[in-house]
Amino acid sequence: MTDATAMLTTNDGQPLKAALARSQRRARRNALLLVAPLFLFVLITFVIPIGQMLSQSVYNNNFSVAAPNLGAWFDDHPQGSEIDETAFAALVADLQYMKEEKLSGSAGTRINYDISGSRSLFTGSARKVDDLTPPYAISVPALDEKWTDPNLWRAMRSASSPLTGDFYLAALDLTRDEAGVIVQVEPRQRVYKMLFGRTLMLSALITGICLVLAFPIAHLLATLPLAKSNLLMILVLLPFWTSLLVRTTSWIVLLQQQGVVNSLLVSLGIIGDDGRIQMIYNQMGTIIAMTHILLPFMVLPLYSVMRPIPPSYVRAARSLGASSWTAFRRIYLPQTVPGMAAGALLVFILSVGYYITPALVGGADGQLISNLIAFHMQKSLNWSLAAALAGLLLFGVLVLYWLYDKLVGIDNLKLG
Amino acid sequence: MKTTLILTTALVGAGFAAAAQEVNVVSWGGAYSVSQVEAYNKPFTEKTGIKVNMIDADNPASPLKAQVEAGNITGDVFDIEVSDAIRLCDEGALVEINPDDLPPAPDGTPAKDDFVPGALRECAVANIVWGTVIAYDTTKFPDGQPTLAADFFNLEKFPGKRGLPKNAKRTLYLALIADGVPAGEIYEKLATPEGVAQAFAKLDTIKDSVVWWEAGAQPPQLLADGEVTMATVYNGRIFDAIVSEGKPFDVIWDGQYMDLDMFAIPKGSPNPEAAMEYLKFATDTQRLADQAMYISYGPSRKSSAALVGMYKDGKTAMAPHMPTNPANIVNAVLDDPEFWADHDVELNEQFNAWLAN
Amino acid sequence: MALPVYASPLERAWHYTYLVLCGLIFLFLIAPILIVMPLSFNAEPYFTFTPKMLALNPEGYSLRWYDSLLTFGMQAPEGPRNVAWWSDFWNNARWMQVAKHSVIIGFFATLVATMLGTLAALGLSRPEMPFRRGIMAVLISPMIVPIIITATGLFFFYSKPCALLATVGLPGECGKLAGTYLGIILAHATLGIPFVIITVTATLVGFDQSLIRASASLGANPRTTFFRVVMPLILPGVISGALFAFVTSFDEVVVVLFVADFDQQTIPRQMWSGIREQISPAILAVATILVIISIALLATVELLRRRSERLRGVTPR
C-alpha cells in the first residue's frame, strides 16, 4: 500500500500528494487574494475607526495634561495621604498653568463628569489664582471651601492618569465614593441603566409586534399561488425600498394631532375635536414608526421558511383527526420556528441601535440609547462617555450577532 | 463604457464646479436665518462676489465646540450666544476682533461707542438683541387669556400641552419667575442647589404636559399644528408667525429672557479673510437696521435704531414687537453670560438627568 | 389559499377574519407610503385632506409645493423661466444641489462597493476559502453595527485620518477626510458592501464551479473566463447588489450628519433639517419623488431576480 502511494506521481515526476497540496494551497491563496482588498477596505474604513473611537472610553487626558504638578504629587503620595500644604501648592501651580494655557475649562469639565459643580470651581479659581498667597492650605480653601472635599481629591487622583475606567462606571450609573469604593450614583442622576432597559424593552416590544403582524401575512404569501403572492410581495418590498426619512415623515403626517388619523377619528365621531390623541412625539410614535420600518425584515425570513413547508403535512394531521388548531400548533408552527428566530433576532438587533426614527418622532420618552450617544457626541461633548455607551451597546449587538450566526448563519441573510 | 465616462465627468464637474470664493455661516435656522439671508448675505454677495453658504443648527455653539474639539473646523462665522463666545474665547478657540476694524457709524462715531453695552467682546461682535418669550394660541382660551409667566404653569385654568426648549438655560429661569422670584434675583437663586431644586420642583408640576423642542423653528410649528397651546419661543420667530403668516397667536412679555447674539470666527476656519469681511459687513449700521425689517430682533448698534422703520410689509411698526421696547422689559431677565459660561455644563447635566427620570 | 370543502362554519368565519386581518396589515405597510402622494398636491399648508380635496375639486390641489422645491435657495426665483432662470436653478436651488451631491456620492460609493464586493463574494464562494465564516462576519458587520457607532467612529477618524500612524513613528498629519466627497463615498461604500456580498454570494450558491474548469480546459485565460463565463451568470446578482448599495447610500443620513460639510449634504440630510424644523408639504413633495424612484428601483430588482432564476434554471415553485 505504501509502495503504491509512493509511486503515484504527476507527469513531471513529482509526488502526487505534494502536487495536490500545492495546488490546494494555490487555490486557497487565490481565494484569499480575491477577498483581501475588501477585507482591508473594511478594516480601514470601519473596524479601525470604531476601535479608535472606543479607545476614548478608557483614555481621557484632559485633566492629566493640565495638572502635571498634581500628577506628580499623587504619584508620591498614595491614596489616603493627608491633603497638606504640598498638595495645595501643587494645585496652585497647576491652576496657574491652566490659566496660562487656557486649560481650566477642559480640566474642570473632566472632573465635573465625576463631581457635578467642579467646572465652575476650576474656571473660577484659575481666574483668581494670582491673588493667592502661601500658605496655600489656608488661602485656597478660603477662596472656595469645596477644595477641601476629600471626594474632589479622590476624583482628581483618578483623573490624573489618562487611562481610566470611570466612563464605563458612569455609563452604568456607578461612581466611586471618597474611599474609592464603587457605589451607585444618586437616584436622581441615574439615567443610563434606565435607558438601556428602555431600549431593550422597546426593542423586544417592537420585535414582538413585528412577529405578530408578520406571521399572518407571511403565511398568506407562502400559501398563495406564486403569481398572486409575488404581486402581494410588492406590498412588503416597497416599504423596504422606500427611504427611511420618507416613511418617518409619513408617520408624522398621519399621527400628529392635526394629522390624517386624528382627523379621521374626529370626522367619524369617535373622539371629539378637543380630544385628539397624542400619538407622536412620545414612545407610541417610536413604536409605531419602528414597527412599520422593521416589519419587512420579519416577513422575508418567515416567508422563506414557510414557502417550502408542504401543505400535505397539515392535511395529513387533519385526516388523522387533529382539529385545525391542533394541526396548526403541533405540525405547522414548529416548522416555522427557524424563520421566527431569524426574523426576531434580526429585527431585535436592528432596533436596539436605531437612531433616526426615535430622534424625529420619539419626543422625550421615546428616545433610545443611540440618541443619548448622539447627545453626548454633539451637545454635551462628553466623548469619553459617548464612547463608553457605544462600547456597551456594541458589545450587546455583537453578542446578538454571534447568536444569529450560530442559530441562523450569516449566509442565510436574505434581501427580498 | 464611454457614456459612463462622460456621465461621470459631467457629474463630478457639476459637483465640484462651485469652487469660487465662499464663506460658511452657521446660524439658527428658520425665520431668523431667512432674515439674515435677506439683510446680510444677498447684499454681501452682490458687493463682494463671495458666495455665502447658510448652515442651520439648533444652536450653532454645539457644532462649533465639536469642531474645535475634533480639530476639524468647517464653518467660518458662527452666530452664538454671549456665554459661549466668552467660554470659547477663554479657551483660545476664537479669533480676536479689534473694535477699531469695525466700520464706524454714519455720523463718524467709532464702533466701540456705537454698540450697546456688552455687545463688543474680545472675540465676538453682537448683531441682535432678542428675547425668549411665552406665546400662546388665542383660540384655545376663549374664557380669558393668559398674561403672566405663572399662567404657563397653570394647567387648570389654561389647559393644553406646553412647549419648552430642551435645555437648562431657557427653562429654569422661567420656573423661578413663575414661582414668584423677582427677575433680578434669578442668578443668585440658580447659584445655589436649593434654588435649582426649587426650579425643578416647579417644572415637575407640568413635566407630563411638556413637548420638548430643540430648534427655534419648532415652537411656532407646534403651536400651528395644535400640538401645544402655549410654548416659549424666540420672539422673532413668533412675530414671523403672527405677522407674516397671520396665525392667531399672542405673546406674554412678562418674564422674557433678554439676550444678545454674536458673530464669532473660530481659529483655523477655512476662509478666514472672507469670514472677517462678512462679519464687518453684517454688523455695520445699515445691515443691522435692515435685519430688523425682516424679523423683530433689535439691532445691537445705537445708530441703527433710528433707521429701523416698518416691517417688510410696509404697515407694521416694529417697535412694539422689539424685546427692548420699554413696555416689554417690565419683568425681563437679562442674560448673565459669565454665569452661564461657568454653570452651563453642570446645570444641563442636572437638567438631562431630571428629564430622563 | 382556498378553503377546503370540509371546513366547518367556524373555520370559514375564522378564515375570512384572517383574510381581513391580512388586508389590514398590508394596509398598515403600504398606506403610510401612499398617503404622502396626494397630500403633496395639497393647495393648503396642511397635512390632512381638506374638504375640497375630498370633493376632488381641482382648486383643492396645486403644484405649489413642487414649485417651492424648485425655487428654494435660488438667487432670483421670480421672473420668467428662461435660460437664465434654469441656470440659476441648476446652480443654486438647494434641492438641486443636494440631489447632485446624493447622485455623485451614491454613484461612486456603489462603484467601489460593487467592485470590491463582487471580487470578495467570488472568493468567499470558493470551496477552498479558509476562515470563511469569520471573514464573512466581519464583512457583513457594517449592516449590523448601530449606525450611530459607525458615524461617531468615522467622525474622529476622518478629522485626523493618519493619527494612528503617529503611534508607529510615521507623520500623523495628512489632511482630513471629514467634509470631503472621498470621505463620504468611502463610508457609504462600506455600508453598501454587505448588500453586495449577500446578493452576489446568493447568486453564486447555484453556480457550478466546474464551468470555470471547463472554460480553462478549452483554453480561456482567467480574465476571459471571468468576463465570458462567470460575469454573465452572476450579473443579475451584481446589479441588484449594486442597486441595494445605491439605495443604502441614497437613504443614509447619520454618517452625513456627522462627517459631511455643507458642500456634501444629501437629499436625506436636507429632509432631516426640514422635518425637524418645519414640515411643510414641500417635504411631502420630495417624499413623493423618492417613493416613485423606489418603485422604479424595486421593479428593476424584481425583473433581475426573475431573469436570474431563469438563467440558473431555478424554476419558481
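The first chain written gets the first letter, and so on, giving A, B and C; residue counts start at 1 in each chain.
Note that a contact is a pair of C-beta atoms (placed from the backbone, for glycine too) under 8 Å apart; a residue touches a chain by one contact, two chains touch by 3 or more.
Predicted, not measured: the structure shown is a model, and the values here were computed from it.
Participant: Counting C-beta pairs in contact, which two chains come out on top?
Facilitator: Among the chain pairs, A-C has the highest number of C-beta contacts.
Participant: Using CA atom means as chain centres, which chain is nearest the centre of all the protein shown?
Facilitator: Central by C-alpha mean position: chain A.
Participant: For subunit B and subunit C, let me know how many angstrom lie between their CA-based centres, rounded off.
Facilitator: Computed value for the inter-centroid distance: 37 Å.
Participant: When the centre of a chain is set as the mean of its C-alpha atoms, what distance in Å lies between subunit A and subunit B?
Facilitator: Spacing between the chain centres: roughly 33 Å.
Participant: In whole angstrom, how far does the Cα centroid of subunit A sit from the Cα centroid of subunit C?
Facilitator: 23
Participant: Would you mind listing the residues of subunit A that make contact with two or more other chains?
Facilitator: 256, 258, 377
Participant: Note the residues in subunit C that touch 2 or more other chains, in rising order.
Facilitator: 155-156, 158, 276, 279 - these are the residues of subunit C that touch more than one other chain.
Participant: Note which residues of subunit A are touching subunit C in the complex, please.
Facilitator: Touching subunit C from subunit A are residues 24, 27-28, 30-35, 37-39, 41-43, 45-54, 56, 213, 216-217, 220, 223-224, 226, 230, 232, 234-239, 241-254, 256, 258-260, 263, 292, 295-296, 307-308, 315, 324, 349-350, 352-356, 360, 370, 373-374, 377, 386-387, 390, 393-394, 397, 401, 405, 410-411, 413-416.
Participant: Contact residues on subunit C for subunit B in the complex?
Facilitator: Against subunit B, the touching part of subunit C is residues 91, 100-101, 103-104, 107, 155-156, 158-160, 176, 178-179, 181, 261-263, 273, 276-279.
Participant: What part of subunit A is in contact with subunit B in the complex they form?
Facilitator: That would be residues 102, 105-106, 109, 112, 116-117, 119-120, 123-124, 187-191, 194-195, 256-258, 276, 278, 281, 363-364, 375, 377-381, 383 of subunit A.
Participant: Applying the document's contact rule, which stretches of subunit B touch subunit C when the two form their complex?
Facilitator: 8, 11-12, 14-18, 24, 29-30, 53, 55-56, 70-72, 74, 214-215, 217-218, 221
Participant: Hey, which residues of subunit C end up touching subunit A in the complex?
Facilitator: The contact residues of subunit C facing subunit A are 1, 4, 11, 18-19, 21-22, 25-26, 28-33, 35-36, 39, 46-49, 112, 116-117, 119-120, 122-124, 126, 128-130, 133, 135-142, 144-150, 152-158, 163-164, 186-187, 189-190, 193, 195, 198-199, 201-202, 244, 247, 250-251, 253-254, 258, 268, 271-272, 275-276, 279, 283-284, 287, 290-291, 294-295, 297-298, 301-302, 305, 316-317.
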